[in-house]
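Here the chain labels run A, B, C, D, E and F in written order, and each chain numbers its own residues starting at 1.
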Amino acid sequence: MTLNKDLRIGRHAILLLLSDQPAEQMKKLEQSNWKGCVGKVGSMDAHKVVAAIETAAKKNGIIQTDVYRESHALYHAIIEALHGVTRGQVQLGSILRTVGLTFAVLRGNPYINEQEGEWIAVSLYGTIGAPVKGSEHETIGLGINHI
Amino acid sequence: MTLNKDLRIGRHAILLLLSDQPAEQMKKLEQSNWKGCVGKVGSMDAHKVVAAIETAAKKNGIIQTDVYRESHALYHAIIEALHGVTRGQVQLGSILRTVGLTFAVLRGNPYINEQEGEWIAVSLYGTIGAPVKGSEHETIGLGINHI
Amino acid sequence: MTLNKDLRIGRHAILLLLSDQPAEQMKKLEQSNWKGCVGKVGSMDAHKVVAAIETAAKKNGIIQTDVYRESHALYHAIIEALHGVTRGQVQLGSILRTVGLTFAVLRGNPYINEQEGEWIAVSLYGTIGAPVKGSEHETIGLGINHI
Amino acid sequence: MTLNKDLRIGRHAILLLLSDQPAEQMKKLEQSNWKGCVGKVGSMDAHKVVAAIETAAKKNGIIQTDVYRESHALYHAIIEALHGVTRGQVQLGSILRTVGLTFAVLRGNPYINEQEGEWIAVSLYGTIGAPVKGSEHETIGLGINHI
Amino acid sequence: MTLNKDLRIGRHAILLLLSDQPAEQMKKLEQSNWKGCVGKVGSMDAHKVVAAIETAAKKNGIIQTDVYRESHALYHAIIEALHGVTRGQVQLGSILRTVGLTFAVLRGNPYINEQEGEWIAVSLYGTIGAPVKGSEHETIGLGINHI
Amino acid sequence: MTLNKDLRIGRHAILLLLSDQPAEQMKKLEQSNWKGCVGKVGSMDAHKVVAAIETAAKKNGIIQTDVYRESHALYHAIIEALHGVTRGQVQLGSILRTVGLTFAVLRGNPYINEQEGEWIAVSLYGTIGAPVKGSEHETIGLGINHI
């Protein structure tokens, strides 16, 4: 059940966000039969962050639109990533703060054992703060789930 | 109050953990008058994770041992980082899970405006899972505070 | 202080929801001098779930409208039941999910000792999921309070 | 993606706990190609509740012992069920309370669409209260996950 | 249902803790037919804080020892007060912090309407911080429940 | 690092709220080179409570408007105080409750050691309850942060 060192899905999902060349990095990952996408979202509404990631994942064929188990796996990975971003209450505008985030979704098997099947990682990186330009600091989140 | 793009403290704190050459990266950061350290901790007790990071930060002179405001700033950054790692309840063994983490602590001014003074970032990266070898997935956390 | 095995208020509150004949079940409970009601609510707003239950409980004479201590007891039972339904954050639409629930409110003494007085149980059963038909799974919650 | 009305896995998981004849109920469910087990656990340690359920699920062949994705699915279902039981903090003895629970684990496909594959439900029912005999009320929890 | 301005139970419970003459203040409150007590507890274990308050309330006859509904009301008031003290996770030593607290428990009717019956207030005031002398700041909490 | 008994910032911040003569009390505190203000806010929106306190603190010169580190310190003190008020979920109208609060913000050094620098305390006192007149009880919160 050991993690494959070269295929640590969470590490790759974060490096995609911090990279200067996400497109090239993604190509390499696709050569390992992984699927993925990156995107951006800024909002005071947590549900818009969730929606932006779900939409991107469906549009890019990372999850199947009409299979609930895949949406369910992705949803929980998103909410887990939001815990890292919000650190206590999964709330933004309702407690007067806003986020500007890039996100990545990756899908593939990070384990040596093939039986472990596919997993999904959602990473978030950006800023969180008051709805005033510059009144913000960085934030990060990672959610991982079997799919 | 804008963040200095080259001195994003959270980004650097995470890249330190994901780097193959943390020592070299740290040297570069020290040239920007930043202080920092990296370390490792594995435990089923969240308080041991907190203690390992606090001890490392004090030993490496990143915070002053006898000034409570500095400990206070670091403590809250650690707990915020643990939110990303634990995603819901800041608990490990009490709900039957364990972590194996690397951590970094960075201190410096990430803003263009010098008045913003020093900030501290705590980053965590590793695995979380059942206390059974291999039954784990990756996890990450980042806490940032003014100091 | 022991629970009366035949008058376990939480068990009855849930069986009412899962029953094919809630009206008959309620009649039996009323013969034990219990009061109760059942209802339905679907919403993306947690506050509408709270309001629907409070309104039903007042309309059916289960709590006194003009005595705050009774509203207070009911409110906390509802919020506790919502913890079971939401499992982590008492939030629905703000994290892009919706519920379709049946609810029951029961009032009576579940203890052998008469001094224990009256208690109130709120049970919830239904589905939770994305605001897309069929993208949902079941959920349940139970809150119990002295009244 | 609609739920199959006769195969609502959460409803069955709870009815198993509230039934006077769980063994017979389980037989019927097994005729639908479902797997399941029931058990009991009483503790002031949340991690012992988790361990008791995991052990029962493995011993009864409901999840595969050596495939982490199955343990991962079960673990999150257990923690979600514990949210219903604990209603706020997933803590027992650390805030001076104890539980006496029966639990059920069910595995099968509750959806009409076969593509939805297998899901797992963990239900908990019993009492929670002070570590003093009789100072307790009922509690319930349900966690559902794709597996 | 309006609060009686002279009998605001929460305000009195806090003033007792901040007073230089709690004994005299208590006497005045007792003249309004209220019951109450004050005490001290220092610990890294949240359950010891709960136990200290419960024991004091029982010893001083503020709640009846053998009636669970009274223990239940007090327990929830204590946990609510601990939320104010801990501000996020009701945990002390498990996240490496300790408290030194004074507490008060008051019982009486704070409403003009006699039908509102008796309520209980638990107030906490003291310090929270690292298990190092002086590395701490003040903290307060208040829980109120019908009884 | 010991707290200066006469300058316990949390105690003073609460006494300001419970005092019949807040203006006189504030004058005394200003003689110790402390800054502070008091105000009122009633709302079903937590973000309006946050905004009211931030605006008052800026208008009264307690924090510098254009220095993010000061806003950051204040924001976290407010959210911590709201934990005491809300006791579980930092939510008001979204779970059908409202608050009527007075607040105080104090800034100064509560420690004997001058190196500890300035700290900020936010205290909240008032009522919380259903959006129905009189259906409410008292609530309190205190947040303290280094600034």
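Assume a contact is a pair of C-beta atoms (placed from the backbone, for glycine too) under 8 Å apart; a residue touches a chain by one contact, two chains touch by 3 or more.
Which chain is which protein? Per UniProt: A, B, C, D, E, F = Hut operon positive regulatory protein.
Every value quoted in this text rests on a predicted model; they were computed, and no experiment measured them.
Taking the definition of touch as given, a chain qualifies here only if it contacts chain B and chain E alike; those chains are D, F. Listed by label, the chains that touch chain D and also chain E are B, C. Two copies of one sequence, chain A and chain D, touch each other mainly through matching residues, since over half of the numbers at the interface are common to both. Of all chains, the one whose Cα centroid sits at the greatest distance from that of chain C is B.
To find the repeat of B-E among A-D, D-E or C-D, check which pair has over half of the same contact pairs by residue number; it is D-E.
Chain A and chain B have CA centres that are 21 Å apart. Centroids built from CA atoms put chain C at 36 Å from chain A. Touching of two or more other chains is recorded for residues 1, 68, 72, 88-89, 91, 94, 119, 134-137 of chain B.
Chain contacts in this assembly follow no simple pattern; the graph is neither a line, a ring, a star nor complete.
Listed by label, the pairs of touching chains are A-B, A-C, A-D, A-F, B-D, B-E, B-F, C-D, C-E, C-F, D-E, E-F. Residues of chain B touching chain F in their complex: 1, 66-69, 72-73, 76, 111, 113, 115-117, 119, 145-147.
Interface residues of chain E facing chain D in the complex, by the touch rule stated above, are 45-47, 50-51, 54, 68, 71-72, 75, 79, 82, 89-91, 94. On chain A, the positions that touch chain B within their shared complex are 1-3, 8-11, 14-15, 18, 80, 83-88, 110, 119, 121, 123, 125, 127, 133-144. Partner chain C is touched in their complex by these residues of chain F: 88-89, 91, 93-97, 129-130, 132, 134-137.
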